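Data first, discussion second: the structure below is written as structure tokens.
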Amino acid sequence: MSESMRECCGLFGVYDADSAIEKTYIGLMSLQHRGEESAGVACTDGRRMDGHVGMGLVPDVFNQNTVDRFKPFRSAIGHVRYSTLGSSTIKNAQPLLINLRGKPIAVALNGQITNAATLRKEYEDKGSIFTTSTDTEVILHVLADPRHASLQDAFEHSLCHLEGSFCLLFLTPKEMIAVRDPHGFKPLCLGQQGNTWAVSSESCAFDHAGFRFTREVEPGEIVKINRFGLDARRFAPKECPRSHCIFELIYFARDDSYIFGRSVYSYRKALGRALALESGVEAEMVMSVPSGGDSAALGYHEESGIPLEHGFVRNRYIGRTFIRPADLERAKLADLKLNAVSDVIKGKRVVVVDDSIVRGTTSRSRIGLIKQAGAKEVHVRITCPPLKHTCHYGIDMQQDEDLIAAQYDPRQIERFLAVDSLHYLEFDSMLDCLGDARNDFCVACFKGNYPVKLRDKVCKEQLG
Amino acid sequence: MSESMRECCGLFGVYDADSAIEKTYIGLMSLQHRGEESAGVACTDGRRMDGHVGMGLVPDVFNQNTVDRFKPFRSAIGHVRYSTLGSSTIKNAQPLLINLRGKPIAVALNGQITNAATLRKEYEDKGSIFTTSTDTEVILHVLADPRHASLQDAFEHSLCHLEGSFCLLFLTPKEMIAVRDPHGFKPLCLGQQGNTWAVSSESCAFDHAGFRFTREVEPGEIVKINRFGLDARRFAPKECPRSHCIFELIYFARDDSYIFGRSVYSYRKALGRALALESGVEAEMVMSVPSGGDSAALGYHEESGIPLEHGFVRNRYIGRTFIRPADLERAKLADLKLNAVSDVIKGKRVVVVDDSIVRGTTSRSRIGLIKQAGAKEVHVRITCPPLKHTCHYGIDMQQDEDLIAAQYDPRQIERFLAVDSLHYLEFDSMLDCLGDARNDFCVACFKGNYPVKLRDKVCKEQLG
Amino acid sequence: MSESMRECCGLFGVYDADSAIEKTYIGLMSLQHRGEESAGVACTDGRRMDGHVGMGLVPDVFNQNTVDRFKPFRSAIGHVRYSTLGSSTIKNAQPLLINLRGKPIAVALNGQITNAATLRKEYEDKGSIFTTSTDTEVILHVLADPRHASLQDAFEHSLCHLEGSFCLLFLTPKEMIAVRDPHGFKPLCLGQQGNTWAVSSESCAFDHAGFRFTREVEPGEIVKINRFGLDARRFAPKECPRSHCIFELIYFARDDSYIFGRSVYSYRKALGRALALESGVEAEMVMSVPSGGDSAALGYHEESGIPLEHGFVRNRYIGRTFIRPADLERAKLADLKLNAVSDVIKGKRVVVVDDSIVRGTTSRSRIGLIKQAGAKEVHVRITCPPLKHTCHYGIDMQQDEDLIAAQYDPRQIERFLAVDSLHYLEFDSMLDCLGDARNDFCVACFKGNYPVKLRDKVCKEQLG
Amino acid sequence: MSESMRECCGLFGVYDADSAIEKTYIGLMSLQHRGEESAGVACTDGRRMDGHVGMGLVPDVFNQNTVDRFKPFRSAIGHVRYSTLGSSTIKNAQPLLINLRGKPIAVALNGQITNAATLRKEYEDKGSIFTTSTDTEVILHVLADPRHASLQDAFEHSLCHLEGSFCLLFLTPKEMIAVRDPHGFKPLCLGQQGNTWAVSSESCAFDHAGFRFTREVEPGEIVKINRFGLDARRFAPKECPRSHCIFELIYFARDDSYIFGRSVYSYRKALGRALALESGVEAEMVMSVPSGGDSAALGYHEESGIPLEHGFVRNRYIGRTFIRPADLERAKLADLKLNAVSDVIKGKRVVVVDDSIVRGTTSRSRIGLIKQAGAKEVHVRITCPPLKHTCHYGIDMQQDEDLIAAQYDPRQIERFLAVDSLHYLEFDSMLDCLGDARNDFCVACFKGNYPVKLRDKVCKEQLG
């Protein structure tokens, strides 16, 4: 229905801190863009654990009662979620809080386990039962496997059985544990405030919650935080090839985050500059489709010298989650989000910078507003190559057949959008902006080269 | 508690149209910034009238049931509201739908009647009773006065008894009537789609609802729309001095609106340019406090040549109406709205453009973020002169004593904000940007020269 | 849709008492059967007044916040309501709290003003406006009439202008005033706890709220309660004929109330005894349709000696206000309220006692349950004569044409119900049970002899 | 807080029927007294399964959306629940819907597994994880045990591992399975409508949902219902001693149910008759504490010839689940439920029949009302012996120390209640009313002789 792609989850945790629940609330609010469907926390006071999950946005799930109930607890992990797999029900909301080997443990996942079905079948055959349809429950069964003498052992030996992308955050009465898969698909970072540690999917949450960004959790690393401090180990070799999700940088992460070793804002500006160099066009103004194209439009303006204008005004009351009466005509309500300022657009040749074209219908509708506002010419510039292949590592994207670029070439899409020109950033330009790290990213959504086989091999070696 | 000023109301109406309730819904959504406290509509099918009001934002008040219930109606007026006077209760929500001389009539007001108390006393002495504390009910009593032989007469003779600012929208089964006070304090404009007419506080609502902006309702004009078309008359002489609210242009109206004969976006860019000319400073970047300072920052950047950066990232999930658990520390949650991008700010001399400083505390907190992000110098530029006097014409501002500029001079405020420099736009520069219309605006909030006496005189002449 | 008759309102007030809001809450809970549609209170602390109304049952309308907000107030009046006239909206909920002659006053009504339309027209012609469609607002306009020099005067002279049935409860910062119409259509009584006075539609509310029943407010009496105590006067002559609503005794009031000078429970038992004497039949058991027929069935059992059985079991989770998913078949859900105990009914000749047959469909459905449970014979006994004429004095009854007894004679209804015999109590027997007061009751719903003319005359004399 | 005992669960299921969800809804509404805390259903259309659970009463959990969503399904099982063990959260609501051996299965339980902790530990050691704290999840782990070659095998061999009381209802896409423990603690019965079968905890639900009571599920029986019809087998020997819960007959079940081979209504009348014979007293009236004592009071009246009166009037708006503002004084609100009719009680010697005294405070408060109403003497008669021992088989009773009869003898309780006499029915009289079945009942709450050992033995034999 909507044509946007959706990140599947965000994680935030804090260990042994004053106002732990408040910090977690603030952290989750800052990661809300990573999951709008459900939210939850699990807390501990060092002995007992308690938790709360609910459907909806963070403020829908956490009311005064919840905050009061969890106030005494000094450690907490939180989660925001979309459903990529499994139905969208309260049962699947996270963190999951269960008893493992007789002791309580909570866990939250950002990612997608590609061999979850195999593992699930294997454990069901052994007599295990599954009460949710989440990958997270599969991970718990792996950890509960009696082949491992202890939970400690389980952590050291079982993570290699998991294939795919996974950032995990565990909480027990005695420690908080952060895990990142060997390829580093998803971002995960560590923050510090005095002696207190926090973990977050994106660094922007630290700024709000009062932590200082320290470093990223390394791919293949397991970081335990307890009263003795921070203990970091590897469960996969350092030389394992990296596959950071390039779409986090282009599309998902917030402009003010620092992930995969770089500033999101700066990378996006660099993409805009590269677009200007690569596909110059005579125009009187450049504008962005807010808010995805904002930083890149600034880069384009700087490189090209074409004046920047705020051609779209955003209705700040309409979030992604705006619930409308069903009968109101949908097209008109989509328009409610943005309005084109005709006073500035009229009679001009306009460069429009955006971060993606997914199914194409929303783009067409928005560009229609610019033309109605009187633009003489419209030139669309996209900050990445055509998006042709769906993601299997945790992004809730359309099926291949729904991606317009999987079906049509750029010239056809140009005609579909009815614009004067359309240019996608060249694949190599996108990588060039990454500098030395150009080979450390998963680009499967552009090329179809899923980094799966490689990972399988790594894990088998580890397992042995 | 909050330091923002608040517009008190927004009006939208449509006469004899398909999907009248949907168009009104869309119109009100586009005017939501003019009133977040309650919303309502009154509708007619040409014979009977019905209405619905509720507390909260437009989507809170209008659910599927409401839309279904009003679908058959072809005419509707709607209202969004803050309470400036009277308590904030459902009873005071508008439109008011009553029986006047045995016939149903609905009315909605944007403005403030400065002699409402006097009129109320006068009518109570005659035996009238008041069930709300709104100015709107006072207006209805004036219209119901049996001295007027008919409602027609009442409209022609009674409006002059009203002092202050008022845009009124009436609906009866047979017509929709728009009225604007003789001084034109508040904006009100007409839109057209084929033979169908609409009325709106701001033109941006027409873009969304599918109407073309036609013209503004003139100050002192009464516009009746019925099945014979549009009939416009004057109830006050054309030469009556104008007192457009300059704060609508600077602060309240949406960037994409056209009011008081000019584009809001362009005026704000002009203010930014004027600021750059008037208070140049050496700096590496200019940024805005979103979203109020966005257009002006662009103007500043153009005039000064200093690079523009999006120094603040906005959390798009936090609206003005974000309801937080009471115990979460307030300061931290204010921060949740905006985060400074340290990657771009660090080590730079920064010019920050904003549209106002009201009480000063929010400004200080936001500028604090910029400094925490590593700015070397911070230079604040405000797009208007110091705000010293409260408004009596419909804006819910702080009391005089709460306005920081009423108590302190700019140098003191500069120290309070702890910035390297602070500059307010000169009063004359602000007017210069208005061109020939420089004398048609109410500037009482800057100068204290309330245009009250003048209006009284006009009305008395009329009354005779 | 439902075939029940509905009382239109209940009143409860308390003056200068600890926990006034709590006592009022308890009072309204005890009067809930008199109005399930909206509820409200108005309170005063001796200086200012405040109020709250809402749609729904008392516990829906009064939550913790409301109770907390009104805790400091020592005087309160409350109201529960059905809409007989006017639409069912929050605007019409009571008490109405307004400014009258510059002073706040709250008022609540139980009854129906039969000349409300005339009065309304008269005041609209004088320039008054009406914001609700309630009779209560009409009463306020009568009181506000500037012909009366003071509110005191107004009370003394204006009540005679009101025709129909009315119990009124007023609250001002200084006093609580109870008024009952000259005919005494509706019940209203006074309770005492030490020096504290309370007013209630029915005495049962006093038992729960901690008051002792003192006496009824007399027809034509106005009772003022203030810091000097209780002051009672007449505004209509004592000899004015009485017209107590006999249906209050038969149907509406609670069994545990004492109204119109008698115990409701005892009167109902007497009706059951009269039925047994008048229409004896051989049977193995007598049972009631709960809860309306309970007391009368007991009387029938005592008089006839036929064993009493609880033939129906009630599902205590299904109130009158049970909201069901629309698609669940309605017939089946009606059945959910009552289930017949086949173990006791099977093979028996059964006398069924009920208090009324309105449209006939619910009676038929319930008697169907008894037959399905295996009754050999079913003999229906109704505790009043056939109900043929609708009420104009405040009961929300069906239109004449919807009353089955207005269309069919008892033999036809007997066939419609498919029972072995049906008997309505004789008109004279019903009156005989009233003893000396047999002529003091309104029996218009049985006979059509509305006591209107008589009342008009009285009032005119008064007015002179 | 409340002194009532609470049944823990109710079950209702229907296989291959039109309007299955509606019938289940009606069934659960009729069983609402067995669990007010949460409700749920699981449905199947023969291929896929879906479910919904929620906190609250049945109408709170099932709104129109739920009914619409499940309309296409022709088989459903439903559950209402109190929490006896485990916390009261949505996670523990039933039916549980999981994947077992790769196939979906739903299960709901009424009862309490006395060896749940042991089994849980055993399975956790094998690597199983538990996501709820319910006995029901333990049962699923037993069924999932890989020692059983198939689910069929599991059903036949694993049920004997379960100790305690259990009625189970399973649903798979292909069949509905009903199981009752070998001792028959809890009631469970079969109903039929043409070829369609239903299962219910109590027969009253069949009357409402349109089924005819056929027979009870036998203790130790497993009944499978699928497209081939009904297949009943035993998993425990028929001669296993029975332990029907006598408190179901005395207290929990609805008067209109037929369970444990007898009519609840008739048994209760017989208890009342026995009381009259055993503890005659001179009195002018007998009355019940509604609704628990209603049937027994009737029996007492018949046997003694003392006139029956409805001495208490019930406020029908106050259910067990009435949620009150916290500050309203609790004592007064308890009174709101019942009011004593002083007109009938005053000056009389009164026999009061009730079904139990748990903690004693509610009884004292209610009897206080009778005395305030003017009773000359009050004689309390209880339809069972003193309640001294808590239940371990599924009733949420007070701890032993909270049961007044565990601490005090009847004479002391008589003084605590301040009544003229108190008599508990003799233990043997209670059993005499059961006739030949007098030894088939669990009377542990009176005698402390928990029938646990016996059951252990049976199960072990079975297991072998």
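Points to keep in mind about this one:
We just call them A, B, C and D in the order they show up, numbering each chain from 1.
Assume a residue touches a chain if its C-beta (ideal position, glycine included) is under 8 Å from a C-beta of that chain, and two chains touch if they have at least 3 such contacts.
Computed from a predicted model, the values in this text were never measured in an experiment.
Annotation of chain A and chain B: not jointly contacted by any chain, touch as defined at the top. More inter-chain C-beta contacts link the pair C-D than the other of C-D and A-D.
With centres taken as mean Cα positions, chain C sits 62 Å from chain A. Computed from the mean C-alpha positions, the centre of chain A lies at a distance of 49 Å from the centre of chain D. With centres set at the average Cα position, the gap from chain C to chain D is 38 Å.
Listed for chain D are no residues, as none touches two or more other chains.
Chain pairs that touch one another are A-B, A-D, B-C, C-D. The residues of chain C lying in touch with chain B in their complex are 90-91, 96, 98-102, 121, 123-132, 137, 140-141, 144-146. Those residues of chain D lying in contact with chain C across their complex are 19, 22, 25-26, 29-30, 32-33, 57-59, 62-64, 66-68, 71, 204, 207-210, 254-256, 258, 263, 265-266, 291, 294-295, 298, 301-302, 307-310, 313-320, 322-329, 332-333, 335-336, 339-344.
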